[in-house]
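Per-chain numbering from 1; labels A, B, C and D assigned in written order.
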Amino acid sequence: MQPGIYHLLLISTALFFIGVYGFFTRRNLITMLMSIELILNSVNINFIAFNKYLWANKLDGVLFTIFIMAIAAAEAAVAIAIIINLYRSRQSIDVKHAEELKW
Amino acid sequence: MNLTLLIIAPLITAVTMLLMRNAQQVKWTSLVGSAIQLVLAFALLFVFQNERSAGNTEQMLFQQNYTWFSAWNIHFHVGVDGISVAMILLTAFVVIAGVLVSWNVQKMVKEFYLMLILLSIGAYGFFLSLDLFLLFFFLEIAVLPKFLLIGIWGSGEKEYSANKLALMLMGGSALVLVGLLGVYFAGSERTFDLLKLSRLPIPQETQRLLFPLLFAGFGVFTALFPFHTWVPDGHSSAPTAGSMFLAGISMKLGGYGCLRVATYILPEGAKEYSTIIIALAAIAILYGAFATMMQKDLKYINAYSSVSHCGFVLLGIGMLTKTAITGAVIQMVSHGLMTALFFAVIGMIYDRTHTRSVKKLGGLLKVMPFITTIFFIVGLCSLGLPGFSGFVAEMTVFMGSWERPEIPYRVATIAACMSIVVTAVYILRAIGQTAMGPVTEERYMTLKDASWNEKLAAVILITGIVVIGVAPFWLNDLVAPGAHHIIEKISQLNN
Amino acid sequence: MPNVIILVLIPFLPLASFLILGLFGKSIFRNTSGLAGTLSLFVSFLLSIYTSFGYFFEYGKANGIYQKLVPLKLSWLEFSNGLSIDMGIILDPISVMMIMVVTFISLMVHIYSLTYMKGEERFSTYYSYLSLFTFSMLGLVLSSNIFQIYIFWELVGVSSFLLIGFYYNKPSAVAASKKAFIVTRFADLGFLIGILVLSFYSGTLDFNTLIQRLTSPGSGELKTAVTTSFLGISALNWGLALVFMGGAGKSALFPLHIWLPDAMEGPTPVSALIHAATMVVAGVYLVARLFPVLALSAPEVLELITLVGVITALIAALIACTQTDIKRVLAYSTMSQIGFMMFALGVSGYGGSNGIGFTASMFHLFTHALFKALLFLGAGSVIHYVHSNEMKDMGGLKKHLPITHITFLIACLAIAGVPPFSGFFSKEGILLAAYEHNPAVFWLALATSGLTAYYMFRLYFRIFWYKASQQHKHHGEGGFAMMLPLILLAVGAAVAGFIPFGRFVSSDGSLLTLPFHWLFSIAPVTLGLLGIFSAMVLFKKENGKADQISSFMSRVYKLVYHKFYVDEIYLFITRKVLFSMVGRPAAWIDRNIIDGLVNLSGATTKAVSERIKVIQSGKVQHYGLYFLFGVIGLGVLLIYVIKF
Amino acid sequence: MEINDFFILMKGELFLAVMIFLLLFIKVGKGMQNASLLTLIQVLLFVNFLVSLTFNREGVLFGDMFITNSLVAFQKSILSLGTFLISLLSTDWLKKHSHLPEFFLLMFSSLLGMFFLISSGNLLMFYLSLELATIPVAALANFDLEKRKSSEAAMKLILSSAFSSGILLFGISLFYGATGTINFSQLPGHINASAMQILAFVFLASAFGFKLSAVPFHFWTADVYEGSPIAVTSFLSVISKGSMAFIFLTVLYKVFQPLSEVWYALLMILSLATMFIGNLFALRQQNIKRFLAFSSIAQVGFILMGMSSNADMGLASVVYFVLIYVFSNLAAFGVVSVISAHTGKEHINDYKGLYQTNPFLSWTLALALFSLAGIPPTAGFFGKLFLLAAGASKGHYWFVIFAALNLVISLYYYLNIVRVMFMDKSRHPIQSIKNNRAANFALGICLAGIVLIGLVSWFYEYIQTLM
């Protein structure tokens, strides 16, 4: 059976929710960041799938994917820098230790 | 006459005050400024009467109309009819009296007088405006200074009272705002212009929807039952001049708004709700009077009696007859002067005895005859003695109310009439306890009578009260044509 | 025609004196305020004599009938549809008679007070108040407009208030002044509503127009006023009855009389002026003013007036028999006499010889003013001497106060209806009118007149005889200023009865001769003499008989002594009902429920704010969760619920 | 495309890019004192503002990727002015800071991102510039390097915004799937109210909601505002929010016009929730930054309300309100930052008796708060009123009533601060602060703006002509 757009969309949707789930449940900040990467990747799959199956004559989706990857890298870089700084003050990268600001 | 002068003059006063170095200069500047206001107000009265007697029957005289926000069709549109002139005169009277009475303020003098003058700008602008946006602008300008006056220079639970007053009044103006926007979008033309709006046909359904918003909104200002609870707290905590302005001017903003905006623009709505209005007004009159009977603090007494007296204003408006509306306006003027004087007297007594409790005071007539005599006069005016303004106003309202033969109107009128007895009870109780009887405390014997500024303030206000009381035809002739215009559309509906 | 300036000056001279004395009494007129006030009033008095001569003998009559002239009418406050309050002057027999009475009695009191009030700290204030009262009373009687009369009605009320509370240091005086004002105010409420009703149906506030519209049988106004009814009573009757309520309050008729005895806290000359001769008869005057309407269109109201009048006369007379404060006795006697005047109006018809009651009532008003003022001034002289109001401090004063004694005796004889003193004639007229109209009223009135003689002479004997003469270390009788009014009034009280009153005052302005049947007079005179005799037996010498009688009827005595507990009933109603059941709850509701709601809304907002703070948990994962929920929720809402 | 167009149309962006390079060189060279560098930057920022005001033309670059017109140019100049004011207001804090060049490096990058953002004509461009605008701010939030709160705030910002970008991208991908285009000018022709597109739109809108901090996407706001340095907080609350409001307007009015009924409902819900929740939370706050955070959330509710009108007046009044909001909020933050820089105090109770010692600061803060509360004669009154009027134009009165009641609630907490400053007494009031000239100048500009922008109708009329 040839994999069609629905299969790909299924995968991307699953990946999206896995990412979301990971973001909500993981306590390690790095892992949370990785979960977000999963979400972004699900979007990438979406774009590629749509581009290939629906709008094969327009390259917008592919281009978008490339940009997303680049931005994700930048985002991760800044995020990790911030997490390192957080670690300096708390000796921990557990999200539970960064809940001082509330109410 | 250029009406903008009435806004500019206090503005200049305020700016000049900012430049002043010491308290004495500030005081004199504000006194001169408020005297100029008074002169301007009289000049306005004079030229207005001249115009009218020259046969100018236009509804609003001395109109000035400049575009302000053309995209919204907002104009700086001012103009006066007899009602506005009367209210402006009232404002000028109360302002100068307020300035004089607060001569002994020690704390933050400049700011204090600035607040007073700011408030007067709001009031003048409000009474002059013929554009609803402008009117609302000035209405809100007049609120904030009160908050600061009470909060900074007040006494007792001042912060609570200041908050309550500001929030309730702003709540009222929020309703007004919604009503104004509704009116703006309801007509066939998008305009805030009062005169145009009054001619635009606004669908009855819309009127029914918007009238309560506008009326209740303005009603909050003029102590419409049950939105009156800011009155006792606000007045009792405010400094003397604050109370005077609050009761003398600010509560009148509401009455004027109910009349000029709600009733004038939405006549069908007014007709629809008139029974409810008069019911609330009658309740306010009687209930306020009975509640006053139980008060022990002089300021509370006057505050509750203001609720009761302002009920007459609303009653007059709710009756929707020309005479009753004329009466309502006269009552506004009369109550403004009278209650300002009342608070001034209470302030004078409090400054000397450091108490406002009726129970602790006694026999003041012996100690300070001048102040006590004013107290007598204002008390008698409050209970509607002929010769003073209160009588004229109440009787006009009664006569106007009685023109409505339907049962609910009759009941409300009779209920309102009953208040003259209750009023007598609480006023005499207050006077009898504080002014008459033996002197209750030894220290009172050494107290001084009124100083020059207090005397001057009292004389100015008493002049107003007595002139209206003795020669009511002036005010009546001034106000009645305006009332006629307001009622015109409603009487057309009736026929 | 009358000279308007002179007419205007009559009330305005006292007004001027009020203003001048009020403003400058403490400075410029420190010592001369009494004289200044008296002088201005004297001029006013002369002017009113001039006016009354003019009216009665020159221009008042047209075709033999006294006209209601309105020489002055200024629009004061104009309402709609021809309703306006005018400031006008009406001249008709009763108003002209009243200005005479008012200025004369007031002048007497002014003169009397020169000595009586001497040394008072607020001497000038006293005179300015007196002037204010005189002005208001003159304005009242000259009013040409029903609202105008209401205005001056209120003004006399307030001057009465000020004068009763003149000794403001005394708590009892303060209480009495408040009571007087509030009770009459309550009655004025009726008056006001009555005016509103009448004005609504007649379409005017002007007396002449009002009377004309409401008496001419064919008029539309009258028709609607009679046919419109509320609770089964016609609007006209309501209006007039309510107006009468005002009159009843001011004239201290039962049950609105409770303020009058207490009003005796004021200086005695004030009691003589206000609470005996002038202000308290304002109610009578008001009824007389509206008499045509009452007699022609609303006989039911006249019956009510008769009833109230006769009850008041009887009850007051009974109470007067038991009081020990001499001024209170006089106060109750005033009440009783006003009751006479009232029911005399009630039993009167309109026009011609039917109007005997009317003429008699006015006549009685006139004579009563003289002898009652005299009694009060005499009592004042007694009080001035013994410094007490209580009978127990008096007795045997006839040697010490010879002039007072004689004049007092004349006044007592006049009020007791002993011929040929003035009271005899006027009372005779009243009784006759009652007899012709309503026998029941007549018998009650007859009994009352007997009682009158008894209690007046009880007073007389108790003051001047009773005990052996005691040596008081006080000063003498008060001097010329106090004696002159006594003498003048005594002369008046003695001879006023011979005035042919019916020739001047009658219900419709026509000439009338008060009929006099000496046979008819036997019963009242005998009864009066009997009263005097029993008083003499009981009180000429100090003996225990009176006490024995009172203890014999102790229950009844107590009831009467406590004035039938009317005061207590009022007290109950005001304290327990109005204050506790209405006022206190109103104040409580306002603070706790209505204001409570306002505060509650604030508190609720705060509480909600406090409650929901947990959602801002500080956990970034929760934030993400809410974010997702928000997205999904909005998606569901927009796609499935609102459905575009 | 002529080279000329490129330089004129992108002049603001180019100027910023040049400044960024300049800062990089300076950083590498390490040749300048903090104070003089700061002055230089402030001057440059002012020049930037002037540049944004002049030579404005309409045009499109890079095949619809970059759009500019007079309205966009005006919006950019508002942002430039705001940044300039922030740099003035935080002078005291920045002078002492050891990483001054980096601070401005990041801020300029973010500003550049915003410039591109409001000029974007394509969802890709939109996404890129959004990230360019956001990521540097996250780094900026951490700029109080040694403070625990600062790094927590930065962490929350970067994680939340990454999450929100994920959602946004998912929405964009759905749109791409449904329409095959990501170009703003082509999208409207393909948009319909199918369930998928509505869902995609909600995903997209959530990102706007996130950046504007509309409820329920607002949770990061308060925490980040509280933890970040005040300069960053004010940047976030004014510049970032303003730019987002501008682009949201463009997107809604131009691109999603076919879905106007959907987004009307959406805006109504968001606006009511935002006002209400923002107000309820603001009521309780004791930290003045956190307080201002919630108050600015409540303000967003009104902005959304004005947006919902879907007419020129809505557009004009939102732009107008943002202009006023820049001045009012910056004045408030300015006072807070001055006080914080001198005393380190950020608790509301520390402000007790402030009027006695610092009348100018008190009046400024009071006027700013009045303007935020919408009390005349401040400009905020006009701004709020026009927003409400725009919101009322559809005739849903209950919507307006609710908003008006929220005005009253908001008044309570604004007045509370005024009360604390003017009425309460304190044993240890904040000492009299000798403020530097730059900050005073900025506060003066803000005050002038607060007073004049409302009373002088020219400003509004001008904005109206840009439509």
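Here is the rule we use: contacts are C-beta pairs under 8 Å (C-beta built on N, C-alpha and C of every residue); 3 or more make two chains touch, one makes a residue touch a chain.
Every value quoted in this text rests on a predicted model; they were computed, and no experiment measured them.
Chemist: Counting C-beta pairs in contact, which chain pair has more, A-C or C-D?
Modeler: Pair with the higher count of C-beta contacts: C-D.
Chemist: Nearest chain to the global Cα centroid?
Modeler: Most central by this criterion: B.
Chemist: How many Å are there between the centre of chain A and the centre of chain C, using C-alpha atoms for each centre?
Modeler: It comes to 96 Å between the two C-alpha centres.
Chemist: Averaging over Cα atoms per chain, report the distance between chain C and chain D in Å.
Modeler: Those two chain centres are 77 Å apart.
Chemist: Quick check: how many Å separate the C-alpha centres of chain A and chain D?
Modeler: Taking the mean C-alpha position of each chain, the two centres sit 27 Å apart.
Chemist: Hey, how far is the Cα centre of chain A from the one of chain B, in Å?
Modeler: The mean C-alpha positions of chain A and chain B differ by 65 Å.
Chemist: Quick one: which residues in chain A touch 2 or more of the other chains?
Modeler: 23, 32, 98-103
Chemist: Out of chain B, which residues touch more than one other chain, so two or more?
Modeler: 167 - these are the residues of chain B that touch more than one other chain.
Chemist: Among all residues of chain C, which ones touch two or more of the remaining chains?
Modeler: 602, 613, 616, 618, 620, 624, 628
Chemist: Hey, which chains are touching each other here?
Modeler: Listed by label, chains in contact pair as A-C, A-D, B-C, B-D, C-D.
Chemist: Tell me, which parts of chain A touch chain D in their complex?
Modeler: 16, 19, 23, 29, 32-33, 36, 39-40, 42-43, 46-47, 49-51, 54-55, 58, 60-61, 63-64, 67-68, 71, 74-75, 78-79, 81-83, 85-86, 88-90, 98-103
Chemist: State the interface residues of chain A toward chain C in the complex, per the touch definition above.
Modeler: Interface residues on the chain A side: 20, 23-25, 32, 95-96, 98-103.
Chemist: If we count contacts the way the header does, which residues on chain D are in touch with chain C in the complex?
Modeler: That would be residues 155-156, 159-160, 163-164, 167, 193, 195, 198-199, 202-203, 205-206, 209-210, 215-217, 219-220, 222-223, 259, 261-262, 265-266, 269, 277, 280-281, 283-284, 409, 412 of chain D.
Chemist: Using the touch definition from the top, list the residues of chain D that touch chain A in their complex.
Modeler: 124, 127-128, 131, 135, 138-139, 142, 145-149, 151-156, 158-159, 162-163, 165-167, 169-170, 172-174, 176-177, 180-182, 222-223, 226-227, 284
Chemist: Per the contact definition, I'd like the list of chain C residues that touch chain D in the complex.
Modeler: Contact set of chain C toward chain D: 602, 605-606, 608-610, 612-613, 615-616, 618, 620, 622-624, 626-631, 634-635, 637-639, 642, 644.
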